[in-house]
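The next part holds the structures, each set out as structure tokens.
Next come two complexes built around subunit A: one with subunit B, the other with subunit C.
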Partner chain A sequence: MSVESGDGPFAALRRPFEGPNTMGNSPAFWLGLAVAVAVLAAMPVLFGLYAAEVGAVFLAYALLGMSLAFIWGYCGILSFGQVAFFGVAGYAFGIVAINAATLTGLTVALLAAIAVSTVFAAALGYFMFYGGVRDVYVTILTLVVALVLYTFMGQTAGGEWTIGDARLGGFNGMSGVPDLAVGVGSTGVEIGLLGHYYVTLGALVATYLGLRALVNSQFGYAMVATREDEDRTAMFGYDTTFIKLVVFTIGGAVAGLGGVLFTTQNNYVDPSVFGITAAALPVVWASVGGRTSLLGTVGAALAIQFVDYRLALSGSEWALVLIGSLLVFVVLLMPEGVAPRLHEYVLEYREDADPSPVPREPPAATEEVSD
Partner chain B sequence: MATSDPSVKTTPAVDETGADSSRILQTRGLRKEFGGLTATDDVDFAIEAGELRCLIGPNGAGKSTFLNLLTGQLDPTAGEIYYNGADITGLPSHERVGRGISMKFQVPSVYEGLTVAQNLRIPLQQVVEPDAFDARTREILERFDLLEQWGTVAGELSHGQQQRLEIGMAMAMEPKLMLLDEPVAGLSIEETADIAELLREIADDDGVALIVIEHDIDFVETIADRVTVLDGGSIFREGPIEEIKADPEVKRIYLGEDH
Partner chain C sequence: MAGAGLLNFGFEFVEIFAFIVLATVGLAVIFGMMGIINLAHGEFILVGAYATTFAFAASVPLPLAMLTGVVLTAVYGLVLERLIIRHLYGRLLDSMVVTWGISLVMIQLTRIVFGNTAPGIGIPFGQLPIVDGPVYYLVLAVVAVGVLGGLYALFMWTDFGIRARATMQDEATARSMGVDTDRMYMSTFAVGSGLAGLAGALYAPVMTITPEYGTGFLIEAFVAVVVGGASVLVGTVLASGLLGTVNATVTNVAGTFMGQVAMLIAAIVAIRLMPDGITGLLADWRESRGESQ
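And then the complex of A and B:
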């Protein structure tokens, strides 16, 4: 499932995924990634089906976190409402899937859900960015969108809020959402518990590699330049408004994919996915893991949600307090997040390591700097 | 041609029938109002290819506003801007840049978190193919004396190096017109002389038209072909530097108020 992440020495294979915009570019990094993916893949084997059931939810959250790292870390758009796309995709899948629980119907539901979250992000992004909304106002607006959805979905308990056979169910949520399935007519596969875990893991790895290739492409440079200084970047002929719209839309699509995988795992979705606690979690993952690192955010999402889950399991009420403290601790000690700090340590450790594949000029007289 | 006014000496020739194509840039009746304040007041301005024009005037004369109108960061209240004979008045910034207008901001605004080579890649990938990045980067860095700083993070460069990098980035776009807002503010005497030489070279060898906002009258004297004096948003005087320097009225408005 993770063939591309393969073994180190295949430089040509690695090339599209490497560049100065991502931190890990060495064979050692790819080897480490392959090991990490292998360990994740081994989880259900080692800990049984229950691990697959719980783990798949964490992996879906990791997709949500990655969508934020992509738009915030690489393009400077801090969305506090990535859960809006996550939840909308979940509801959209549920509505279509409950009404058409056939192989074809479920395939359509999957595509429709991702399409809905993508179009929703594009529309919101269009009005924000072309309306001149910037910086912290984007953050506020996206949070408000999520909270409006929370309130709206919360009042859909009445019988009139039924679409076909699908009852939206207000705060009780929409239950009976079918499992994921892919196929046409009678040929295809229904994805069971174990399969769902691997599909989610595969989606996470594939999305990671896709986003990596994107941030290291010419478009990725334009994203980073837009993050660093938007006006300046426009003066180099970049349509920064359009760049932000594209990035935000891709972020919405990735969050939507996570939302579908989340909903189909739980066979259930309720308005709490839009709530303020849920909305804050991606920001916490990205802040702790390091927003400029897709993988750092994924790691933080998995770790934090795992700890949160264990605490909740033991009946502790302290999970959110702990997460909040962790956030404060990390932001104060390493404002860039854990992964960038680790990266610095690695670079210091391997003094000759060059973070950039761009050939450095052999400086003939390094001491001679005019300042 | 028949309708153009032959009596121009201190005001630019504006062809009544439209844009004059010998001029790389021309404005007609350009006006910008902010509420009750008129920052740019019916400015008719023109510059030719390879000309180095300095824009001087007291604080609040409307110099920066005028430049921002040219780059498209501000929309004019009235008037037109012609570039290479085409009306570009309504075009967004990035499209003007695509046609060959480059801008260097007042404060050095290189991408501080990126290396020197990565900084150059931002403009370069707009104009050359990826396989030419390295060669062009080397060429530009050699010209702007930054080759040794190839892998240096731009935020760690000296002020003068940042200014040079920024001019290099503007030149990487292969512009026909470059706008510079106080390129030597805060630089040492040696650094200022370097920049003066570079700008002259860009005008003479590359044939780029330059509009430079500058306060330092000595610097203006070193580099300018012609000087435009703005006051209260409109063109007060225009001509060769000797003429401008000798003008008692210019002395009064320019030196009288805030110097």
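And then the complex of A and C:
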């Protein structure tokens, strides 16, 4: 893949986000992305507030999916427990926010929640990577962490599990979590239903661009090298253990951001966010969408959750059967996922149409537009 | 009453040890021999439990119903191996992801077909004197030890065991020596599945059977496999012994939940100290002793 900065409008603006580690480095791609974001932004206008309410949840899920694509697709760390950071951030926000439901308090809650999930990921990552835990053992440990949190939160129904005014509530969950708000003292904004949708969309786009810039930086090259061959990268003098720790921690922070936005949208969080089904979903999105494509994973998360939602609305119980089968078929038939496959097709098509030696990248994962 | 306390602790240990061994052994056989982590392990257990409970409800005697559970799960594993798993040998992460997909499908299909509850089975054999618990747990412990002994015999002493181990160690050489390696993978997977089915069948009278029944075994099974390491039998026995001791001790003092927490903490410390599991440590130790001689 060649980097084609220097042509088209906004070339200088695009440069930090483009490189060999991401698909879609052409002006056409960025145009497609802008259209997709515009369509997503128009959703509440077109379909009303209810669409904003449901859509914000999907967008929060997309953040969770992106956190997995980032650590698995770009650094080879397969975590089955990204939901642990998602859920821990949700609970942390709830606990702080219920106890301090002022503008300042809610701002602190937001920061504290992301800090908690980040520190949690850093601690777990330190423990695993510096302890020499590798490959499948990392995968299983992260899953066990999520399952243990599920068991732990499930038994917090009793009154002794109350932190200040916040009752953890066992399997009934923690209800009454306030909406998101940002400000200090009496100046600031409370973010309502519509605002929350746009905040979540903004967070998703910003995180996407941030991670894109990161994977195309020097650090990103080291990440991908670690994924491809950890021992050889270490031989070249890179501290691969530290790289994995940093990547895992960033993944935890992104998942935590998703968790806060998810919890504030529902005003509620319960242990099922840690459950085995919830833990499977990010893996499904990343596998189906293509773990080496952040946008592919986002597209898959939005599409799959949308179908899941429609099926649930129509009273069907078949959503999980469908999702599970989809996962099996995709891994068997196209192990790299949908977006990288589409990318190849577009490259071939362009080479056929235009024999110039510079292949151009496609607008990956256009399924996002269809939601 | 130090005697009764000791008895209580012993009973607690036996109960937990048997549970960890039975929950783990099917997973350990498939992982240790084939290098595949079966995320659908819990749902293989589920198949065993449902087959048992429905056979029992159709007035099949309990031991026969349990045998039905084991056989059905083994056959089920065989079919899955032929259809899906065999495409995934050597693709470790993919095999985990795919078996997780299978797990999702199976949980939900079970819910759709059988609903959220299944007919129960009463605990057989009645209560023990002195310690407050059913005799059945002692039976489970005997079965657990029997399973370990049987596996040892199967893999060490029989022709099948030698061929299976040869296949896992060096497939190309084994094939060139005339071993049908395809069949070895198939039968090893079936043995592992059957053992998962056995766990489901044996615990059908003790635990409430719901579509999430298998999830109740997962934490113990995964933790024990990770702590045990790649060697199937030694790893399972030592990990179950270690985790069971910690769990039983703390349960005896501070209750079931704290016992579980203590077990997990012990597991985490164990993994921190022995990233390749107990058997990895043993292998290192053996190697260094060999060098010094």
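Definition applied: the second predicted complex is superposed on the first by the 343 of 371 C-alpha atoms of A that agree within 3 Å, B and C clash if a C-alpha of one lies under 4 Å from a C-alpha of the other, contacts with A are read in each partner's own complex, and residues count from 1 in each chain.
In this section, contacts are C-beta pairs under 8 Å (C-beta built on N, C-alpha and C of every residue); 3 or more make two chains touch, one makes a residue touch a chain.
These figures come from a predicted structure and were not determined experimentally.
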Pick one for A:Val184: touches subunit B only (first), subunit C only (second), both, or neither. neither
Using the superposition on chain A described above, determine whether A:Asp229 touches subunit B (first), subunit C (second), both, or neither. first
So in the superposed three-chain picture, is A:Ala38 touching just subunit B, just subunit C, both, or none of them (first/second/both/neither)? neither
Thinking of the overlay built on chain A, is A:Pro20 touched by subunit B (first), by subunit C (second), by both, or by neither? first
In this superposed model, does subunit C or subunit B come into contact with more residues of subunit A? C
Touching A:Gly237 in the superposition: subunit B (first), subunit C (second), both, neither? first
Quick check for you: in the superposed arrangement, does A:Trp318 touch first (subunit B), second (subunit C), both or neither? second
In the complex formed with subunit C, which residues of subunit A make contact? 78, 80, 127, 131-137, 139-141, 143-144, 147-148, 151-152, 155, 276-277, 280, 283-284, 287, 317-321, 323-328, 331-332, 335
Which of the residues in subunit C come into contact with subunit A in the complex? 37, 42, 84, 87-88, 91-94, 96-98, 100-109, 111-112, 212, 215, 218-219, 222-223, 225-226, 257, 260-261, 264, 268, 271-272, 275-276
What residues of subunit B sit close enough to touch subunit A in their complex? 71, 73, 92-95, 97-98, 102-103, 105, 109, 111-115, 117-118, 121-123, 125-126, 130, 134, 138, 141, 147-151, 157-161, 169, 173
Parts of subunit A lying in touch with subunit B, wherever the complex brings them together: 20, 218, 221-222, 224-225, 228-229, 231-240, 354, 356, 358-361, 363-366, 368-371
